[in-house]
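Dropping the structures in below, format is structure tokens.
Two complexes come next, and they have one chain in common, chain A, joined by chain B in the first and chain C in the second.
Here is the complex of A and B:
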């Protein structure tokens, strides 16, 4: 497929491939280390070389221990993460899709102002807002509830931008008009006509919203103090912190195994949906 | 002329919209409204609240808050801790961002060049770290860096030295830069690669007819086509650098003596709030950083698109 780029079909270069293999190693070695480490007991972790197997093969007992440690708190964190991702990223995608479509296909008073405000707000660092958001939510009694994580996750300016660029070209105005002549209301037109045409853009937006929600660390860190509401990211760092300080109880093998379990769903999602998000992303950058 | 990339998008989307008949009525609000409502609650309200907070100060002994005008800002601009943190992320920005973007650019050009064996495999594997949660990436690298069971310790054993100390104070910033680079080269590579895919084939044919070699084609055709993507990636990276928090905050448990509570501006704001209960001053630091970031991002955007014309 790369051959399409250049009509001359240049020769494949061993040198270039070799250089890129070096970079590939840099990408893979840490992940290989992680994978190998999940097969080790804590003793082996501390005493055997990092890039090879340990004396015993503890992969399955590590997984079992990770899932059952502390009355199965890891599964609870996994459930929380899934909840935040489904409601947060799902809602963000829905809101961004509707808004992108509205901006692309309707002309209304204040449309320019919406652009200006969005562009300005995106330049403000998200984490700079975290402390004021915490104080505000704390006054509203929202901290230490799932809403403290879900509500801020519902806004994805990047998703809106992507959907708006995508909707501009993907949904022909004539089609909307035809549906209207048939007597369909605006909301109905959106759900029956536009949504289908927007699908590749929606998958891309959803995937990137999923990544940012799944990876969210700063927000839950400040909003939540009850461990049973933690997502995986905050839970794992708490396990890792257990190794230091007074009364240290290191559980390195569980942190390592939990890390692997946290990575797998996203990697699988990206690999399975490759075709969709790559086409959605290039459509976004064509503009 | 100074039109920003984003504004060009606006203009272009607007033009297409006009061609395709856009309906002139208020029904658009039906679709944009819900997004804006949540946006107002999670973006605009906190900004407003932060500005409000920054104008007041807690009376430690008397209780309650008093209006102090811009005093908090004066204090922030003279605060050596703030400037130390700022200088650190500025150094990080100047070194790490170019390294990361050049690596991403080279990888994108290599994958797009058709000279690579198994280009699709390289593309997806190099992108993979982006799917690794930042927290997991830091935990993983943190262990790799560590003396206990890390690869750094293995390497030291192998070489019979103790020279490699990624968690010591002089190595820490490069160690953090390495983690961030590892996480985001693939993502930026993909942005560049997507932009390269949109170059029309005729341009390559024209370049070939003019006798342009590989490097001439890169300079004359590919890099100009990438300019918009480079500007966007640079802006995102600048914002990311100034917001640096996760990596140092998690590594802090491994190296508490190296990473201070004000290692980066964001850590400073966080610790002022959650360890020091100085909410007003913390909001001020957040706003100062936000303004600096927005100004620099804006200047980059302006310069980037000016050079393009």
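Here is the complex of A and C:
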């Protein structure tokens, strides 16, 4: 066993190393460009090479301008995004965990049907549902409210699928039996026993849900027409589109700086939750 | 840098196209239910003044740079009117939201900015209020003939012109002088200048064009083409009429000869190319100086303005860009909304608009010596408005846009755009565009001949 899984010194392949170096550059260069560009003024952006510093160092003034442009609307967008992520992705994770656990650990009629519907739902991209969702919400009078973003975010078929698969393996039925014999009710079993065992899976689901809610673009684009409710993605696109047509007012330096500020929280979340993420992804891969 | 922006743009375009399709699909039954949701639509000239006196609250969607300042000034003058100003997006984002709100029956603003090219699309299905009922036809003499035509669809008057974009030739004088190129008066001379410039400096191009529907339609307009005709129900499309062929005959030489740069307009790369001499001319609307002064600082002192080259040397130009403000049928207070439109584009609202660098549609401002004879520091002291205001009177008559122009523009890249990419015959691209437009129009319930 240990001989199979211990990291024996693998053979080095020059070809593979080369491919990985190329891949590294491929992923690093856009990030480097973003970082360098945030140090430039609008004029420098248009007059100096992309992958080096400009004539001036405007990093801090860019950040200040980004946060104060249009009466500080960027902070408002940031707050909106955080709200949508916390309530939407948090709620989605909670629902997916409870439902996944239930489907994995209780036997009831219609389980197979739920599974079939779930697989179908995983296959349909959210973007394709955005317009039907819009028409439905519009009939309910919910467009142009935070609910138009939060309610659709609460449903995560992929998260549910992940939690279902994870719960099947991670929570031994015997343990639940033992808890029940000791007199714990079903709710207590879930919150005190199952939830702890599910932690890695929950974090993985949470990260997935966070990333998809944080990056959610198309749904808020069509649901919202009040800039006060925009998340960062839609807001930044609006700034970017300001460079178009009659009366164009390009503010590329603010768009670029805003983009950097937008990805920082995601990077932080990844770094903090990385350990769980890895153990979650490989769950069930080795029996 | 380039690819980043392009991805964002592609996403946006893809998203908009999707929405357009979906919205269209969702209302396949026809658009007769649109007018049902409107408020009262009877009124008169007196009703407008009365509504202004009575006050109230309206919502205004616009991406005009001076919009906030105009709204503030309006509310100062009429404290009993509250205007909720919303910048719902630029161009397609704005239209997507507007279209959705109109289809949904609620959530649309009282007053919205609509570009001339998009006006028929909203006016013909009955989504806008006909301002004739408020006696606004009396303001005809205040506007240029071409913009007054642009705010009409059929016999209806669906807005007052905010600005105009008679086309002129913006050229980089520094580049022209360096390579000994004379300012072209005809398109033949323009093609010759393109060849001379690119031969002298392979990095320099006479202009950029990677396929832009708005530019194409304006150029066909200038050549005397009338490819789109409609009475609201029947549509005729002929993108191979004499004017269209006149333009492709000339522009093909540039595209097929690789003499135009493929830098897409309104990208960071494009703004840069305008400043460093890579792009030597821009045949575009008279609103361009405002954009250049604020966003192409590197070009200061280098650029100049000349009349559009023509095919026969006789003055002729077309409109490119420009918007109107329209009253949406959903408005609960159309008389007050109309009063706001009148203030914006006929009365005190015009001044703050011009101050922000806009180009007027109002004849009084186009004739005002203070405006016409103003020397522009950015353009090396040239009195550019002399060129631009005379262009306003030389717009070729008889143009109209499609009642689904926004959709047409969104598929332009899939049809004509291919001809640009392969540097092949633009006529083939225009024919493919026409076929797609005829098919789409018939599916939408229009009677399309093409």
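What to note about this one:
We take it that the second predicted complex is superposed on the first by the 265 of 287 C-alpha atoms of A that agree within 3 Å, B and C clash if a C-alpha of one lies under 4 Å from a C-alpha of the other, contacts with A are read in each partner's own complex, and residues count from 1 in each chain.
Keep in mind that, in the parts below, a contact is a pair of C-beta atoms (placed from the backbone, for glycine too) under 8 Å apart; a residue touches a chain by one contact, two chains touch by 3 or more.
In this text, all values refer to a predicted model and were calculated from it rather than measured experimentally.
Contact with chain C, but none with chain B, is seen for A:226 once the two complexes are overlaid on the shared chain. Residue contacts after overlaying the shared chain place A:105 against chain B, while chain C stays out of touching range.
Touch criterion met: A:50 reaches chain B and chain C at once. By the document's definition of touching, of the two partners only chain C reaches A:249; chain B does not.
Once the two complexes are laid over each other on the shared chain, residue contacts for A:135 go to chain B and to chain C alike.
In the superposition on chain A, A:241 makes contact with both chain B and chain C. In the superposition on chain A, contact is made by A:144 with chain C only, not with chain B.
Partner contacting the larger number of chain A residues, of chain B and chain C: B.
By the document's definition of touching, both partners, chain B and chain C, reach A:217. Within chain A, the residues touched by chain B in the first complex and by chain C in the second are 30, 33, 37, 45-47, 50, 127, 131-132, 134-135, 217-218, 222, 237, 240-241, 243-244, 252. Residues 1, 4-5, 8, 11-12, 15, 18-19, 22-23, 26, 61, 63-65, 86-91, 93, 96-97, 100-101, 104-107, 163, 165, 266-268, 271-272, 275-276, 285, 287, 290-291, 294-295, 297-298, 321-323, 356-358 of chain C touch chain A in their complex. Against chain A, in their complex, chain B makes its touches with residues 6, 9-10, 12-13, 16-17, 20-32, 34-36, 38-39, 41-47, 49-50, 53, 103, 107, 110-120, 122, 124-137, 139-144, 148-151, 154, 182, 186, 190-191, 194-199, 201, 204-205, 208, 214, 228-229, 239, 242-243, 245-246, 250, 253-254, 256, 266, 269-270, 273-274, 279, 282-283, 286-287, 289-290, 293-294, 297-298. By the touch criterion stated above, chain A contacts chain C in their complex at residues 30, 33, 37, 42-43, 45-47, 50, 127, 131-132, 134-135, 138-139, 141, 143-144, 217-218, 221-222, 225-227, 237-238, 240-250, 252.
On the side of chain A, the complex with chain B involves touching residues 1-14, 16-17, 19-20, 23-24, 26-31, 33-34, 37, 45-47, 49-51, 95-96, 98-99, 101-111, 114-115, 117-121, 123-136, 151-152, 154-155, 157, 160-161, 164-165, 168-169, 172-174, 177, 186-187, 190, 211, 214-215, 217-218, 222, 232-234, 236-237, 240-241, 243-244, 252, 255-256, 259, 262-263, 266-267, 269-271, 274, 278, 281-282, 284-287.
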